[in-house]
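Below are structures written as structure tokens.
Consider the two complexes below, in which subunit A is the common component and subunit B and subunit C are the respective partners.
Then we have the complex of A and B:
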């Protein structure tokens, strides 16, 4: 029983970082339709931003978020916007995005080497909650993630820009008609989504250090989370992230750990086959049908 | 719905693109018809030795040790006049820890660079290269692969390192006899050598009368090992055998402490990698691990020269490669720069005074070495005892 409880708690902790990353990815995907592989590069850059500023810990989240935001804006302005002006296809964005990802990964490899670099060393102090034990840091990760989700929700529902972003997601043509500049808005979306990637990178890097290839795995997880939760429905990305975290943790109860990744991808395929709109994407599909 | 299908299409093409992007650029030519015997009859101007090292990707930390150890030996031999008046040259190709890349570069080294010997590393890559060693009749020399039963795979393989089977057997004996523990859980990286190490440990430990009560694995690059630890804990083991090759071993140590799972841990040689030590922090204290080792007597000068040349301390695999190059040079000296000559020369080596101890090759072309047990005391790897 205590094993189950501990696995559930661990699933939420892992899922929190997945969810932060997935929310950023979903924000960008929903509003710009760019399948933003380079989101993984933004994540990695932010991790190294925190690594460079590790002397400032625990304040290193500031450079992480700033690095990520700037990187996200630059990718939008220098790579995606020119493609958009030439009416590039989805595949063009995709290949360009993949290219950016590998350029960043290889550049970081050249500068910092391929090995894992730690921001700090050793275990965090833990607290005992009845039968299970968890570090204070991981409880903080959960809290920070929830605060971040709340802030994003507030921005989207209570600010003029936020409302415009939601409008853009629903109908890009209409926003232009209403006098909202979609180009400027897309920059804002990339900034916001990338800031979330920066936060996620910091939360992970503080605990487990950085590696040049850290972004791709989590990018895939984020993309699967978005599909799982339902494309077009932002809270779905968050729920999808937590579900994947829980799944990866709990799958070990009945199965051996060699099945951990198999199950993740099997769930993706099952969802694609039987509920392609995602678990919570039904709203969107009925409206669009 | 249409939007979703677009996403699915893009995702699918993305996975394909990723696969392509991760695949090796080089591919072997499809005409392996009777490659010229390496080394040929014509004497080359320099004696080239091939090397298949992981210089980028997940094994790059090891690749650095492999190449620095090898290059130091080559520089020293060349400075002293070379071998039979000729300079040695190390031709390093990056295997990226990828078997397909490994096959391509092995052929390139033999067919383009005409080397009669290649230093091979990493079990998954090396095993894919051995059939080509047989086919091209070239010596495949490893100072890094620890998988058991290597000599049965090829007539041309030589090994100058402690195999995983010896490490696991030594650890099983230590845990059973000296620590008196009977219930152990293994957590290992899902990769050939670590898997072999965990299996051999189980066999040896259960033969002694102990029980391996839980076995869990994790993928290369894994960072969250808490699920594995939590599951293993429910089997109530008295200790954990932590078998891996990279920073994940350190995460295992750190996360066990964080979830309050404080049973003794035991590990294989990779525990002393800087990545692992860094990640584990103070939780590494008291962990006992096996390793082949730099011989404290014969390696003192080597350690200082290595430090002077590269600015870091050598690790045992750097020493294995340093010794490998010097033994290969000796074999070329005595029996000539051909694959057959090097093979015969290596087999004739007896009690070579290496920095990793006295080395001879047995009938299976495996170096006989001593396993060392070390423990982390005050954050430092400390000699505990040697096991024959």
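Then we have the complex of A and C:
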């Protein structure tokens, strides 16, 4: 029973980090339809931002978010926007994004080496709540996740820019016809999505440290979360993130951890085969994803 | 000052380049011609190599047997991947094949009874042709060259046949191709299986040449590298894939001769790959020898 409770708690906490990352990926993917592999690079870069500021760990999220936001904006402006101007195909974006990922991962490897670097040492202080013990790290993750989701929700529903972003995701052609400049808006979307990646990187690095190759795995998880929840439906990405976190954790009950990736990708393939619109897509999304 | 380059070293590099060239132009049939970006090519290559390694170790290292078993197993696996995933469009297809890449390599790593897990297969005997051992490096070069040239000519004929024109049409405009009465799924599945079978042959050659395999010989990064080779050379250009293989595989060899320590050379090489990719996609998305898409 204790094991189960601990696994659920761990899965929930990991899921919260996945959800933050997935929401950022979904914002960008829904709006621009760029399969943004380099989002993983943005994530890694942000992790190292937090690493550099590890002396002041409670505030290390600031450089993480700043690094991520700047990196996201630069990738959009320097790489995707020129490709968009030449109306590049889907694979053009994909390959270019992959190129950016290679550059960042290996540049970080040159500077910091391949091994994992920790931001802190020692176990977390925790309080016991019946069968499970909750650490201040768990509370930090939940706090940051809730704040992030609330902020994004407020931006999307209560600001002019946020409404325009939703309009762009829904119907790009019509948005342009309304006199909203999609180029400027896309920069905002990349900034917002990347800032979320920065927060996610801070949370993950806080516990597990940073490695130059940490980004790809988490990017794939974010993409799977988005598909699981349903492309085009932002809360779906959040739920998808939590579901994946729980799944990866509960898989440890019957199986060894070496099978975690197999299970994760098997779920992806099953969802793609039997419910490509995602668990919550279709019902709530009016437009074809 | 002349630099001495030992002949065996050159032959070894050439063998590896030819094996990669087979992988590259077979992936090009899929990614460049049909517009299906598979990220599972390294995994199929790996399965071919493992089947060949296991058969050589446990049954017999007879080349024809190795080729047949590797091609049959890999083609069946490719068929099993193709039938469900090829219904998916664009990004979903990429992600699904990526999923298969991860699953297949994780199975190779963790199905310890069959594959010996992370230790991999070692001491794989050299292949024999009708009992005659292909033991020397020169004979290996001959074998690999024969396969590479043969498969290249096969692919060359294929893309010039009506089949190839349908593939190109498919990339340009799926709907119009469908309206011409072409059974899209059948075309896509055939090319996926064919491309996988070629990767399996490359795998047989690889197992014969290096004689030891680990799951880490076929990582996701290798699938990415193959896509890089295809798109640097030019999607829809078989010669481009060969050129791309030479360029991208000679780069690390050249860097070794410059004398960079490998801890630095690896990342610098990857950064150069990345930069080349990004610049190509911005300024010449069709690659070095590719034809620009007409759409």
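Basically, the second predicted complex is superposed on the first by the 278 of 289 C-alpha atoms of A that agree within 3 Å, B and C clash if a C-alpha of one lies under 4 Å from a C-alpha of the other, contacts with A are read in each partner's own complex, and residues count from 1 in each chain.
By definition in this document, a contact is a pair of C-beta atoms (placed from the backbone, for glycine too) under 8 Å apart; a residue touches a chain by one contact, two chains touch by 3 or more.
Bear in mind that the values here come from a model prediction, so they are computed numbers and not experimental data.
Of the two partner chains placed by the overlay, neither subunit B nor subunit C lies in contact with A:69. Within the superposed three-chain model, A:266 lies in touch with subunit C and out of touch with subunit B [touch as defined at top].
When the shared chain is aligned, subunit C comes close enough to touch A:86, but subunit B does not.
Once chain A of one complex is fitted onto chain A of the other, the partner contacts of A:126 are limited to subunit B, with no touch recorded for subunit C. In the overlay built on the shared chain, the residue A:186 is in contact with neither subunit B nor subunit C. In the superposition on chain A, A:103 contacts subunit C only, with no contact to subunit B. In the superposed pair of complexes, A:248 makes contact with subunit B only, with no contact to subunit C. Once chain A of one complex is fitted onto chain A of the other, the partner contacts of A:6 are limited to subunit B, with no touch recorded for subunit C.
Taking subunit A as the reference, the larger set of touched residues comes from B, when subunit B and subunit C are compared. In the superposition on chain A, A:135 contacts subunit B only, with no contact to subunit C. When both complexes are aligned on chain A by C-alpha atoms, subunit A residues 35, 90-91, 94-95, 98, 102, 109, 216, 223, 227, 256, 258, 261, 272, 276 touch subunit B in the first and subunit C in the second.
Subunit A contributes residues 35, 79, 82-83, 86, 88-96, 98-103, 105-107, 109-110, 216, 220, 223-224, 227, 256, 258-259, 261-262, 265-266, 268-269, 272-273, 276 to its touches with subunit C in the complex. Touching subunit A in their complex are the following residues of subunit B: 1-11, 13-14, 17-18, 21, 56-58, 60-61, 190, 215-219, 221, 223-224, 226-228, 230-231, 233-234, 246-247, 251, 254-255, 257-260, 274-275, 278-283.
Listing the residues of subunit A that touch subunit B in their complex gives 3, 6-7, 10, 14, 29, 33, 35, 37, 90-91, 94-95, 98, 102, 109, 113-116, 118, 120-124, 126, 128, 132-135, 138, 204, 208-209, 211, 213, 216-217, 223, 227, 231-232, 248-249, 252-253, 256-258, 260-261, 272, 276-277, 281, 285, 288-289.
Here subunit C touches subunit A in the complex through residues 31, 35, 37, 84-85, 88, 90-92, 94-96, 98-100, 102-103, 106-107, 109-110, 220, 224, 227-228, 231, 235, 264, 266-268, 270-271, 273-278, 280-282, 285, 293, going by the rule given at the top.
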